[in-house]
Amino acid sequence: MLNYLRELIKIQSVSGSEEKIALYIKSEMEKYFDDCKIDAMGNLICHKAGEGKKLLFCAHMDEIGFIVTTVDDKGFIHFAPIGGIDFVAAAYSKVVFANGVRGIMVPEEGLKSDDFKAEKFIVDIGAKDKKQAERLVKTGDTFAVEPSYTRLRGSRICGRPIDDKIACAILMAAARDAKSFKNDITFVFSVQEEVGIRGSKVAAFSCRPDYGIAIDVTATGDGHGSKPMAVSLGGGAAVKIKDASVICDGALVKKMGEIADDEGIKWQREVLTAGGTDTASIQMAAAGCKVGAISVPTRYIHTANEQIDTNDAEACLALVVALAKTKLA
Amino acid sequence: MLKTKELIEKLCDIMSVTGYEYKAADELKELVSPYFDSFYEAVGGAYVGVKKCGRENAPRLMIDAHFDEIGMVVTDIHEGGYLSFSHMGGLDRRIMAASEVYIYGKEKIYGVICSKPPHLQQRGEFKKLQKLDEMLIDTGYSKEALEKIVSIGDGIGFYEKTASLLGNRICGRSMDNKCCAAAAIIAAATLEKEKMECDLYVTLSFREEESMAGGCVGAAYDIKPDAAIVTDVTFARFPGVDDYESVKMGEGPAVSLSALTDRRLTNSLIKLAEGAEIKLQRTVDATNTGTNATALCMCGDGIPTAVVSVPLSCMHTYNEIIDLGDIEAAAEIFKLAACSAEIFA
Amino acid sequence: MNRKTEGADLLRALCLEFGPSGCEDRVADLIKENIEGSYDELVPDKMGAVIALIRGNGKSDKKVMLSAHMDEIGFMVREIREDGLICFSSMMGPDTRIMAGRRVTVGMPDRLNRGVIAMKPVHTVDRGDRDKAAPVDELYIDIGASSKEEAEKYVKIGDFGTFESDFVQFGENGRLLKAKALDDRLGCALMIETMRKIYANKDKLAYDVYFAFTCREELGMGGARCASHKIRPDYALVFEATAVADIYGVPEISRVATRGEGGAVSIIDKGTIYDKELVELVIGVAREKDIPCQIKKYVSGGNDASHIQRAADGVKCAAISAPCGYIHTASDVIAVSDYEAMCDLAVAVLERIDKNA
């Protein structure tokens, strides 16, 4: 799983530019699933036909990033954010463009952090003027803060983007057990989650599942100055009860808890007061379906150093496999 | 037969932004001189139409309607054919965004006042009005081409033409004060000379919107009228406007009761209206009528002056609304005054 | 009366027609008259959209949808006062600076009246409030009625309203157009012209093309969503107007696009990240055929593409918009040359998707 994560982190996939990562995941998934295809919006939909209920698991492939709007006379790149960017975290970061060009994200000199917003930032790629810059970068190019993967003490790692490549890695690892799945299983690797859960909606529409389960990251309550929240790093797989966008199906949540207990998987209950995931759009697609979500507890989400405990991710993986193997009513 | 609506339409079509009334001379003369014995431009700043009763030493009645309208003036010409401007008369900044204008340069050019696109606005900015000097007019010309046609100092007027609403009501640009000018002209046009008790001087005066004194004072100094009626617009009743400072549209014109105006003249007008069963409302403007009358009554040896006003909605916008019935009633009162010896007691 | 026109006359007729969101019938009728004889089939639509199908020669099973919205920003009558003044709700956001003093049309498709958005005279506004826009609840539509009884003969609660605004060609050599509702009647006019051209050569068309004239875009509700859900196209091209700030004093980074430099192709806006291949195809075709076109250089606004893209199981979308000054006012201003370039581009792109399909 962590090998997958390391590979996925290296492939930039800013929302709307997921083609490359989709092809990589597809090449792996094709080893275990019968039918893998990419739909009109770019979602990767992998189907393993089976008896019984239709289960859809969804992890989003996209990461937050930026898009070039204009290049000014000094050769500085002006841009707009894609997804929820925290500019305090992004200031003075190194960024990488899809074509490999590097630069530094810089706010206006003397700007107070309270006044940070995209219009006040530029990216300096070291070009001496507009002409030179435009040879490397043009309007519409996407870029992101430099990726990284660092092992911390014990089972903890940090880097970016762990949101939501850890979930993609979990599904890819789960696919190896495909032969033992007991239901009709679809894994969706969705696009454009970070800009408003867009991709999963059309994917769920075309799959029409009975159950939809999103895998994503969630905040924790045990960080420095965290808001109170009963989710901790190392506390196991988080089973979502609700977030700002969705109320999960009560029976499914109960069932997931029972399965985890039966299999000896460490788990915790998650109530997230802000934020949303693909769960919401899956629930509302076409005639709707019963939804749940499994989350990897994560500190410092949407920064260059998102931190997780790999044991939690392993627990999530175990729960996904256990669910897929359990004959659901 | 002179049609009220048609006359107002034609008067409104003549651009007469404050400070540029001189440009109206030819068009105005062609339109209204047939209704007068003589028509001339007074040095002080007024077009004057004279209709005489034919008797020696008849008293002189002056009816003054200011002819200028609110507008703007070009203050700068920018790259891409954008113009900066300032006001001529009291502009209402609430109506400026995306308004349409004509710029009166060497030729008449159309333009749109730029509105600020949403992405450049701060949160809640829509509640604030832009300052005039932040506004621009988009002409669609290049700077070079525009400079051949437009110069700094050229006048700018709003675009709207007169249009009909329900019944007797019409809307459009510069109803303030072309509708009152129309009432005075209609009175002169339809007066029968043998019934007149005076020589009638209709002054269509300049610069009221900027100075509130206007060219009528200079014109009056030469005319030396024995009595004067200033006719202008007043606020029609409207939510948010106090009843005491407004009158009802469609209920006839109003006379002003004021310390500045001549009460005896005012009372004789009221009596004339009552005698002819013409509806006449009253406004109280204790210390200032807000019209040319304030300056006119003190002109020369002094002139007994009354104010007859017409209710108007949306004053100083490009869609001022009036009721044609009120204009026709005002014209009737002017005719009665011109045919009455009593007003000159 | 024959209302079939073309070129600037067609655009004029469409712009002047009454069609606020939710009340597009008159525009729909005008469009139907103008597309007569240029389609194979009208597809019924429950939301009121006009959807016309031109069948291809069957070489491809792909479906392409072109879309433009018929509706314009407007008002709705909320209450009629005892004095005959009409209270209204805005269907164009809260900015009264573009409403106050304006001439409007109010009523229903079969009975329209002129009115003025009236407010108390500026002379009676407190000195301290002179920098404030007129509050929306102090604006009334005056149709010239002097009582509630009179007003109710002409206007009823729930009636619709739009701006009244002339169609004016102006600027150096008449290079600009001003009208209300250029957003998005220009898209409607473009589609009508495209249909006429395509239908004449339809035996060369490899696949079915649907022309969707949609409803209720300005409410953000996406009448196009339902059209797209019904048609299930593989590709969709949205023709729109987009806000620009190409005015004096605005720095280049905030201008979005420039009037006169061709249709603006969107890569991303607030509602949609567009399909890369389709966007590249559009830009490529424009370059190849030497049709002016520009890339929209600011992430702002949104359009029906957001609904079309995510209807049913997803659609590949591109949007081409005419740069429009002072958009969402009574005075939308576009460049004639941009409209013409977009018309050319629409036909050229259709010919090309053909080859790719």
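Letters A, B and C mark the chains as written, and numbering starts fresh at 1 in each.
The working rule: contacts are C-beta pairs under 8 Å (C-beta built on N, C-alpha and C of every residue); 3 or more make two chains touch, one makes a residue touch a chain.
In this text, all values refer to a predicted model and were calculated from it rather than measured experimentally.
When every chain is reduced to the mean of its C-alpha atoms, the one closest to the centre of the whole protein set is C.
When chain pairs are compared by contacting C-beta pairs, B-C ranks highest.
Each chain gets one centre point, the mean of its Cα atoms, and the points for subunit B and subunit C are 39 Å apart. Per-chain Cα centroids separate subunit A from subunit B by 68 Å. Chain centres here are Cα means. That of subunit A falls 36 Å from that of subunit C.
Residues of subunit C in contact with at least two other chains: 254, 298. On subunit C, the positions that touch subunit A within their shared complex are 234, 252-254, 267-268, 273-276, 295, 297-299, 309-316.
The touching residues of subunit A, counted against subunit C in their complex, run 15-17, 19, 39-41, 43, 67, 69-70, 72, 78, 80, 82, 119, 139-140, 192, 195, 198-199, 201-203, 205-206. Of all the residues in subunit B, the ones that touch subunit C in their complex are 78-82, 90, 92-100, 109-112, 114-120, 126-129, 136, 138-142, 145-146, 160, 163-169, 171, 235, 237-242, 245, 249-250, 313-319, 321.
Residues 81, 83, 85, 93-98, 100-103, 113-124, 130-134, 138, 140, 142-146, 150, 154, 165-166, 168, 170-172, 175-176, 178, 243-250, 254, 256, 298, 300-301, 325-331, 333 of subunit C touch subunit B in their complex.
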